[in-house]
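Please find the structures below.
Here chain A shows up in two complexes: once beside chain B, once beside chain C.
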Partner chain A sequence: MPTATIPAPPLLDSLPEGSVEVVEGLDQPTWIVRRDALAQVARQLRDDPETQFDLLLDLCGVDYPDRDERFEAVYHLYSLPRAARLRLKVPVLEDDPVLPSLIDVWTAADWFEREAWDMFGLRFEGHPNLRRILTHEAFQGHPLRKDYDPARRWILTEDKIYKPNPQPTGSESVDDMFERMTINIGPSHPAMHGTFRVVATLDGEVIVASEVEIGYLHRCFEKMAETHTWQQVIPYTDRLNYCSSFINNVAYCRTVEKLMGIEAPPRAVWAQMILSEFSRIMDHCVCNGSTLVDTGALTNFWYMFQPREEIYGLLEACCGARLTVSACRIGGLLEDLPPDFEARCRHLLETVPEFIDDVDKVVTKNRIWLDRSVGVAAISAEEAVDHGWTGPCLRASGVDYDVRRAYPYDLYGEVDFEVPVFQGGDVFDRYRMRMEEIHQSLSIIRQLLDRGMPDGPYIVDDPHVALPPKEDAYNQMEAMIYHFKLIMDGIQVPPGELYHMVEGANGELGFYVISDGSGKPYRIKVRPPCFPIMASFSHLMQGGTISDAIATLGGLNIIAGELER
Partner chain B sequence: MPHSDTPEPYRYTLAERLYLPLLGGMWVTLRHFVGNLLGRRTSYTIEYPEERRAYSHRFRGHHILTSRPDGSLRCVACFLCATACPAECIHIEAGEHPDVNVEKYPVVYDIDMLRCVFCGYCVDACPEEAIIMSNNYDMAFFNRASSVVTKEELQKPFTYDQARLGYRPRYPEEEEQRARARRELQAGRVDLVGEARRRQEAAAAGPESSKSAAASS
Partner chain C sequence: MIGESWVTTTVDKLEEWGRNNSFWPLPFGTACCAIEFMSVVSSHYDMARFGYEVVRFSPRQSDVMIVAGTITDKMAPTLKRIYDQMPDPKWVVSMGACACSGGFYRAYHVMQGIDEIVPVDVYVPGCPPTPEGLMYGILQLKEKIKRDSKRRLKEKRAHGDDSGSAAA
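Let's turn to the complex of A and B:
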């Protein structure tokens, strides 16, 4: 993997002895940073021309009750100019779980820090608004701590609830004569595509300040993952980004496979790539379709949803479910591809473009749509990076970063595709980006089909990982024992930790997994691509109108399942 | 900072300023409208429940407990399905079977359909092919108690209807299909890759020739 090496950090000299300890990670270099040095290290990592870690991908907590320093805050950084990755770990004591907030360094830290506070009780000093984010205001305790009982329930009442009242900061230029109005959009609002709540303070039609409340769909994915075996987590991953659940499956399975040092057979990889690309198409269709319906172009919604219907048919023929597919297993696929797989894919390749072209003709150059979208909620490349964006939204702002290109996993190094980039960073460019990516995905699928379906098994032939063939399990003693052991104990993943990412439909979808060798994940953290994007929604909306807000939200492709896990 | 700090929005072309592409869009909607009117349906909506979507034989729907030829359940109450279930929605109570050749049988076998996520793990786990799935997806309950489906109900409805089977370890119908495909491939009657290549070449040669190729084929 072409990870650029991290240059020997010049900043190490200027720090007190022992502030940074460099350890070799399985996947990427890891620095263990003392708490007092964190702010300085982070700032220098960002600013030093040798390192330029400009993207904060993820921040999470980990709880090790047996260690002296019980908690660890883990930061995943990426340097766009140098294509390098780095993990920072900051251990803190149980009695004093305080860290400096890194909001000034990376704005993306805002919500991530709130999440770490909510889940682990890590306090980030200097954070302006360190409130719970995923759980209810009245929730007690920190659910991802190991001593928190997963079955524990709370009765949550309204009285302690936080009442957002966003006010514009800075100079009060607005005439006090005019009354401001605060309105709620959501949590149950047809334009919110999920359940979020935006509280907006309006001056007439213009949003002067807003605040986003999430957590209505939090299902404690990460806690539940810790109570299930590695294989059992797969159905849970379906429910992250449920518009393209297949990609989540693949991302999770790849991560675990990497940690175990196994590889899925070529046939599975080939099929997973095709179905991932189809899922991406579907996801983009949903996103563009719903953006358009939100801006009044209802017809396109129907056109966009038809390819999706067909692709669902293909997925269902492969694995028996349309939406929550659970189609992958660690080491391959759940069952062999249907006999007519290639024919169906070919058929789709012919039908999908028709609908996309129809939408293209109806809206892309239509001035009514252009007026609604060009320049709306524009974000510059610099800001987008600072906010931790990835994926189509980041590329629409002019940053050429696609995991499939930067870290060509599977067969992406062997197929020919373009990574489109636009410079506008607005609703229109996000829309165009997705339309363009649909064409690229189709081209990838076509190339894969032309390579031909590889022969061979659809799952690794290892009885410690994959269930033996049913025939054997019925008839042979040995296979039967493996079958029982695998079901009863689950897959045994060796101890270790790893971050692995794929290009999800929304951006970099990463899984940070820690195994302690016990048969169940010790910790799984998802890097949900739309989390940092949603975190910047208030910023994007500043000065826009309500109708802009609705158009923007559609175009960002916020999926509540993934956002709140 | 290596990244640009000013977005450059799209610039309208003259035609776009003049709203001209609107006409093309209207033509598309008109085409669909007339097509639908004249019966060439381009929409995918179906009039459920009168009309039903045809799902594949792998569909993961309502479970079925399969029976032995004598009508008793194949299940031996080994609890593998309950262990594999990520939603923890299978409840089994085992009992001694009167027949000494069969060790155990489930006195109680309940699946809570409201908890079930239809992942098929139970089917994968079963060493006896005692639990499979059907393609029945319309389950509706008036109260929570009736969402817990007992073994009688799981055994009853679909067991002998081949057309209603869903996800299960073996698909005999697929084997036939596969065998046919293999035979045809051997006989040189299908050549998917070659076909695709020809199509691509035709497309590269220009839309005219691809049309004529399609017409001739």
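Let's turn to the complex of A and C:
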């Protein structure tokens, strides 16, 4: 069993007596906090110089129908200055599922609390807008409660659709000469990438208030995960951030491996790193390509999509699929690497930069693009942290936090790469950040290839985890039984809970998994990096024009599959 | 009159030829399939070769809706409304397992196939379909339109006059 390697924060003396109980966590320190003390504990954890938990990573509910206190709200915190982590658990009763809202402490809590309300019916007192967020207005019940039937649907009709009418709060800066206009963009609008809806109130051309509505692609990932075996969840993880599905696979499999206390063999880890970095490149290509096409630079879209096609070729050779790869297994890879794996990677290292450089030449110094992006939707480091940002967007605001560097997993501690940081925090810096990261990824891949492919198996040699080779399954009794058991009952994961994170293409991608030893996940919560980023979109649009908003959205790299799961 | 039947046939043929070679697709892309749809319209696969050149995001200007991605119950009214806004004649291609049947999301918020609310002409299976798969699907749509216009022609002949043209 793994043990916590992350140091526990000091238990502050100033906390109210008996408000916190420290428990042993497998992965990180865990505190059970009494509900009435939560607001105070949270505030002190943020402000005390000994703790400084400035980043709220995730908040989710968990349902334990057999316990007296049926629900638990789980907070994952991170401290950037101290590189510390902490999990807070707050149990609440079924009859009284009320907690204090923590929006005043971390702005990021806003949407997370709405989600916990939507999914579990936890009420957050003091939340200004506790509406459903992922499901629709005609929905009844709270779907992630254990007693909710996974297939029970509710039909939404046109008359029930929520009609937002955002109004500015402070009226002082508003020019009364103009008539205000409220316009609706999306959900089926190309600039909204097909799945978001923004309602903006304009004063002249300036957005004075806006509301963002999501949930149009809520595909119930977390509920589906609870009704399938541990391996069967892998294809679902592909479809979270489908622009870089391989990274999701790796993140999920690593999490389960850690919980089981097994380790993937070196060959698998090596290949997973290479393919993850290629996926990061693809993701950044889509993001920058679509930002540019949204601002009118169509040609770059074609340029940026070509490297993707080339990388798809590699993925296809490894697993047969292009986009939704499902190429990882718990404990290793789906199958051994193709014989020309290294040659293909080397070829890509030569072809991909050409396309990126072309775009770089056409765009990066282009007057039109600069006018559209420099200084647009800028966000300061403090604000970004307060909103819960991670990943390239946070680094574009000047915060040097990259999971690959802060918690070097796999071989990231052994390769040499830079974590680029920019200071502007605007659309342009987010674009540059991605261009720069593509080069870093290429360099990581090159170093890995130079180390050479490790020999050995591609998946752990454990019949309780890895399927036996097909030939054995057909010809040997024992192998056949293992095969049968693994397919029918799935992998047996010991009881426990764990949070593990990797650097996804758009930020810290975490999986918080709970196993009760029953063969199916008890609860899986994804920490979706773009969720807090999207939550601050209204804030970013404030004071800009509609065209700024369009340019901004593309650069944030919001992937609906991951945002809404 | 000999002239009448001769003229009608040709106009039908001309119309069919026109329709068949200049689709204006409306991509209703929501999820992973939309990314694969983008691949199909990009340079490598280049759907324009088959007469699907003008991708339009306005329902008023398009005649074939390609639904690429999962449709949730929250999205359903929007999909229906957009379909209703498209002028006739119009066709629907359902791309991917999700749009066809809900895919592997047998879940509380996912529509189990868009044919719950709009009529579908071509179902393209796959999760996501390969670009070749989607191209096969849209070529099938052409076949279907050809068949339809032949059938209309037959109906007209059977009625012996132009009463069938109302169906066009």
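Structural remarks
By our rule, the second predicted complex is superposed on the first by the 539 of 565 C-alpha atoms of A that agree within 3 Å, B and C clash if a C-alpha of one lies under 4 Å from a C-alpha of the other, contacts with A are read in each partner's own complex, and residues count from 1 in each chain.
In this text, a residue touches a chain if its C-beta (ideal position, glycine included) is under 8 Å from a C-beta of that chain, and two chains touch if they have at least 3 such contacts.
The structure displayed is predicted, hence computed values, not measured ones.
In the superposed pair of complexes, A:306 makes contact with chain B and with chain C alike.
Shared-chain residue A:121: touches no atom of chain B or chain C.
When the shared chain is aligned, chain C comes close enough to touch A:220, but chain B does not.
With both structures placed on the common chain, the touch criterion links A:519 to neither chain B nor chain C. By the touch criterion defined above, A:242 lies against chain C but remains apart from chain B after alignment on the C-alpha atoms of chain A. In the overlay built on the shared chain, the residue A:361 is in contact with chain B alone; chain C does not reach it.
In the superposition on chain A, A:496 contacts neither chain B nor chain C.
By the touch criterion defined above, A:194 lies against chain C but remains apart from chain B after alignment on the C-alpha atoms of chain A. Judged by the touch definition given at the top, the superposed model places A:487 against chain B, while chain C stays out of reach.
Residue overlap on chain A between its contacts with chain B in one complex and with chain C in the other: 235-236, 302, 305-306, 309, 324.
Contact residues of chain B toward chain A in the complex are 1-10, 12-13, 15-17, 19, 21-22, 24-25, 27-29, 32, 42-44, 55-56, 58-60, 80, 83-84, 86-87, 117-121, 124-125, 127-129, 133, 166-167, 169-170, 174, 177-178, 181, 192-193, 196-197, 200. Remark: chain A residues 134-136, 139, 143, 148-158, 161, 187-190, 194-195, 215-220, 223-224, 235-236, 238-239, 242-243, 286, 301-302, 305-306, 308-309, 312, 322-324, 560-561 touch chain C in the complex. Contact residues of chain C toward chain A in the complex are 28-32, 34-36, 38-39, 42-44, 57, 69-70, 72-79, 81-82, 104-110, 127-128, 130.
For chain A in complex with chain B, the residues that touch the partner chain are 52, 54, 80-81, 228, 231-236, 299, 302, 305-306, 309-310, 316-321, 324, 326, 334-335, 338-340, 342-343, 346, 358, 361-368, 370, 374-375, 378-385, 397-399, 422-426, 428-429, 432, 446, 449-450, 452, 467, 470, 473-474, 480, 483-484, 487-488.
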